[in-house]
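The letters A, B, C and D name the chains in turn, as written, and every chain counts its residues from 1.
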Amino acid sequence: MLEELKRAVLEANLELPRAGLVALTWGNVSGRDPGTGLVVIKPSGVPYATMKAEDMVVVGPDGKVVEGEFRPSTDTPTHLVLYEHLAGIGGVVHTHSTWATAWAQADRPIPVMGTTHADLSHMEIPVTEPLSPQQVQGGYELATGRAVLAAVAGRPAAEVPAVLVSGHGTFCWGASPDKAVEAAISLEEVAKMAWLTVGLAPSTGPLPAHIIERHFSRKHGPDAYYGQG
Amino acid sequence: MLEELKRAVLEANLELPRAGLVALTWGNVSGRDPGTGLVVIKPSGVPYATMKAEDMVVVGPDGKVVEGEFRPSTDTPTHLVLYEHLAGIGGVVHTHSTWATAWAQADRPIPVMGTTHADLSHMEIPVTEPLSPQQVQGGYELATGRAVLAAVAGRPAAEVPAVLVSGHGTFCWGASPDKAVEAAISLEEVAKMAWLTVGLAPSTGPLPAHIIERHFSRKHGPDAYYGQG
Amino acid sequence: MLEELKRAVLEANLELPRAGLVALTWGNVSGRDPGTGLVVIKPSGVPYATMKAEDMVVVGPDGKVVEGEFRPSTDTPTHLVLYEHLAGIGGVVHTHSTWATAWAQADRPIPVMGTTHADLSHMEIPVTEPLSPQQVQGGYELATGRAVLAAVAGRPAAEVPAVLVSGHGTFCWGASPDKAVEAAISLEEVAKMAWLTVGLAPSTGPLPAHIIERHFSRKHGPDAYYGQG
Amino acid sequence: MLEELKRAVLEANLELPRAGLVALTWGNVSGRDPGTGLVVIKPSGVPYATMKAEDMVVVGPDGKVVEGEFRPSTDTPTHLVLYEHLAGIGGVVHTHSTWATAWAQADRPIPVMGTTHADLSHMEIPVTEPLSPQQVQGGYELATGRAVLAAVAGRPAAEVPAVLVSGHGTFCWGASPDKAVEAAISLEEVAKMAWLTVGLAPSTGPLPAHIIERHFSRKHGPDAYYGQG
């Protein structure tokens, strides 16, 4: 079942090590089938080098495995709650990509310091509140997803396509698994540029709003004129 | 038409991800045919992996598409105004290369801190003035090109082969598309070395003028003795 | 003899340059055969490009060569004393990996700044005491191993899978040669993330204990639920 | 003539971009034939991708081309004066490798902060005095070589295998072209580790002398016990 989505999810997972976003078996990508609401996700702890499309696990919105030989990623409850609440998304990625994770560990949101960031989002990349002991005990991965949603604060998914999880890493999303991976690639590059900018000029503020909005609207929304759309 | 130039422009575009200067579909290279004044440029938002020479778009000096199935790069008006005003150039490159963009985001020109820089230019790499809301509204990409030209300040193109666009990225040029890419590769390396130098010795000033001029003139101008000339 | 272990040790050694952990002939991996107590280790100073399984050297717990044409790694006495005192380990790795070595040279332990670290260990990565002239004279490599053991301070090997040797580099271990290399890969990534975090927020403290323990216990111990169990 | 040395010099030059030490056509390696005193060196400005052994240029100790279609590297006079005064060397490398050049641009010698450095040299990597206008005018490349020799200060070549040229880059040497490239690879890694160490602990001093000497003598001199020697 869902053969095409499995291939897309496999391919998106394989792109993570190719793009330098993950080491070992860290990181995972899922995709959602809009017709059935089923989610296809990477199995837990399986090496990228030998993963095949048929190893992808199909889960229902309640987290129960519908098809697959392997256990799904331990982060599955985070993915599912994001699909439930972020309207229109079709792919979710989790990484510990190096430069973005440094911002997450420093507990600092990434300001919009340049147009590379504005091409991804016209807002700063938010960082979640730390989880309390109670939240961790009552379902750690679900609590992580809820903290991500709290950081999004009800804004449209396309305007905030990425969140830093405090002390942890990143969650990104998009219309499809590969678009979610594109957001993760952009986020890592934006995080690195912002880190290096702070090193040169610690007090750099955000770009002026008229530049941010122009760049964001070149790629997103009704007036977009980037690409072949 | 212009088959040879299309192949050269394609090859120069493909060199950008190989040299680590761009991720995803960021960045673009164009080339100008001196006989006709036509410009060949990368299509907008097409993946590097599948781009072919025949996908390159031919535009006139007025920006009208003369040949090509795809829309040209959204940055085409910037390229065209640079060709119009920088005498003798045959190739233009735009990147968000990481270390150079950090300087652009910090709004700082790159001083001539070493001979690697002096081999590229005997002057600091300038940074443009920020664009006003009026400039952005009245044609953002054209205004960007005009800001680049203002930063060049009438100096010969061969002496200032690269400019940082404030809060954005880089534009570089040369006698041909591949020479423009060489300038972009040099600029990124120069930006990284300068960043690292500032980290070790924040008050490092420029090289003495007699070293700068000797190195620049080894590679450029009538007394050049580098290469097989 | 020990053909399978030799292949595993060769493969683990070859993973070091592939993972960017070593340059030239720096670094070495060994594996221990639990049945005989013999240790298989990389020969000293042989290039990775031409190393074969039969070049691996077999040594006894006393350091005497049992089989092999080549001299064993000069670091063999360090490996042997770690096998003697760290119960249950089957592989040891030594590297000068760049970011971890920077912490070792700065003589600073790496605090648990994020969940990537907590997945590797729930404690800071300790740094050894510097060796005295007497220790260096009385068998430098053995003294290095004893300093590593002193930094472990009797804790289980699985809880402290890596130690920084002050002014030198890293030793890591695991249940097998490839698990030891996984620890070395994780350590280098953790060291880089921590370095970058300090750059953004110098006073960043460790993660709260309830997050550290939750992440560590997802991968380690009786309640682990990461992977395919 | 000197076919074997030409192949060795070609191979050593090709190792520079593979090891990430040079971009474009920057950098060059030469080798000296001890029997004739002739020096084989890379041609100036020829791309690495298409260089062949027969393109290497043979020059006499006076700098005159003895064989070869191409002009020799513009840095040839620097190479020649190093061969003349550094007894026993058979290979010389020049690079602008990124991290080492940052130290050169900051005009700071690299202290012996760890055993990776001690494996290369038991002394700090010195930086040359800046060249005066008179020195530049009276033969820039020869003056560069003399400044390198002044920084070596008469010590044996094997003890100081690398020098930073202030505001410029590196010169390294060894018993053969490939050993000189090994020194250049080690230097770049040492420079990066030292840079990162300064970032964590700006006041880090050199290693204690007894550790430095032990590590240096494991690899160099009459008591060396590293490798298969």
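As a convention for this text, contacts are C-beta pairs under 8 Å (C-beta built on N, C-alpha and C of every residue); 3 or more make two chains touch, one makes a residue touch a chain.
Everything numeric in this text was worked out from a predicted model, so none of it was measured.
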Completion exercise
Joint neighbours (chain A and chain B) are none
Problem - chain D against chain B, contact positions shared by both copies (same if over half, else different) - result: different
Problem - Centre-to-centre distance between chain C and chain B (centres being mean Cα positions), rounded to whole Å - result: 45
Handout entry: Whole-Å gap between the CA centroids of chain A and chain C
Key = 32
Practice task
Specify, in ascending order, the residues of chain C that touch 2 or more different other chains.
Solution key: 199
Exercise for the section: Would you please name all pairs of chains that touch? Expected result: A-B, A-C, B-D, C-D
Practice task
Flag every residue of chain A that touches chain C in the complex, lowest number first.
Solution key: 23-26, 43-46, 70-71, 74, 96, 98-99, 101-108, 130-131, 133, 136, 140, 167-169, 195, 198-199
Problem - chain C residues touching chain A - in the complex, by the definition given at the top - result: 19, 113-116, 182, 185-186, 189, 192-194, 196-197, 199-201, 204, 207-208, 210-211, 214, 218, 225-229
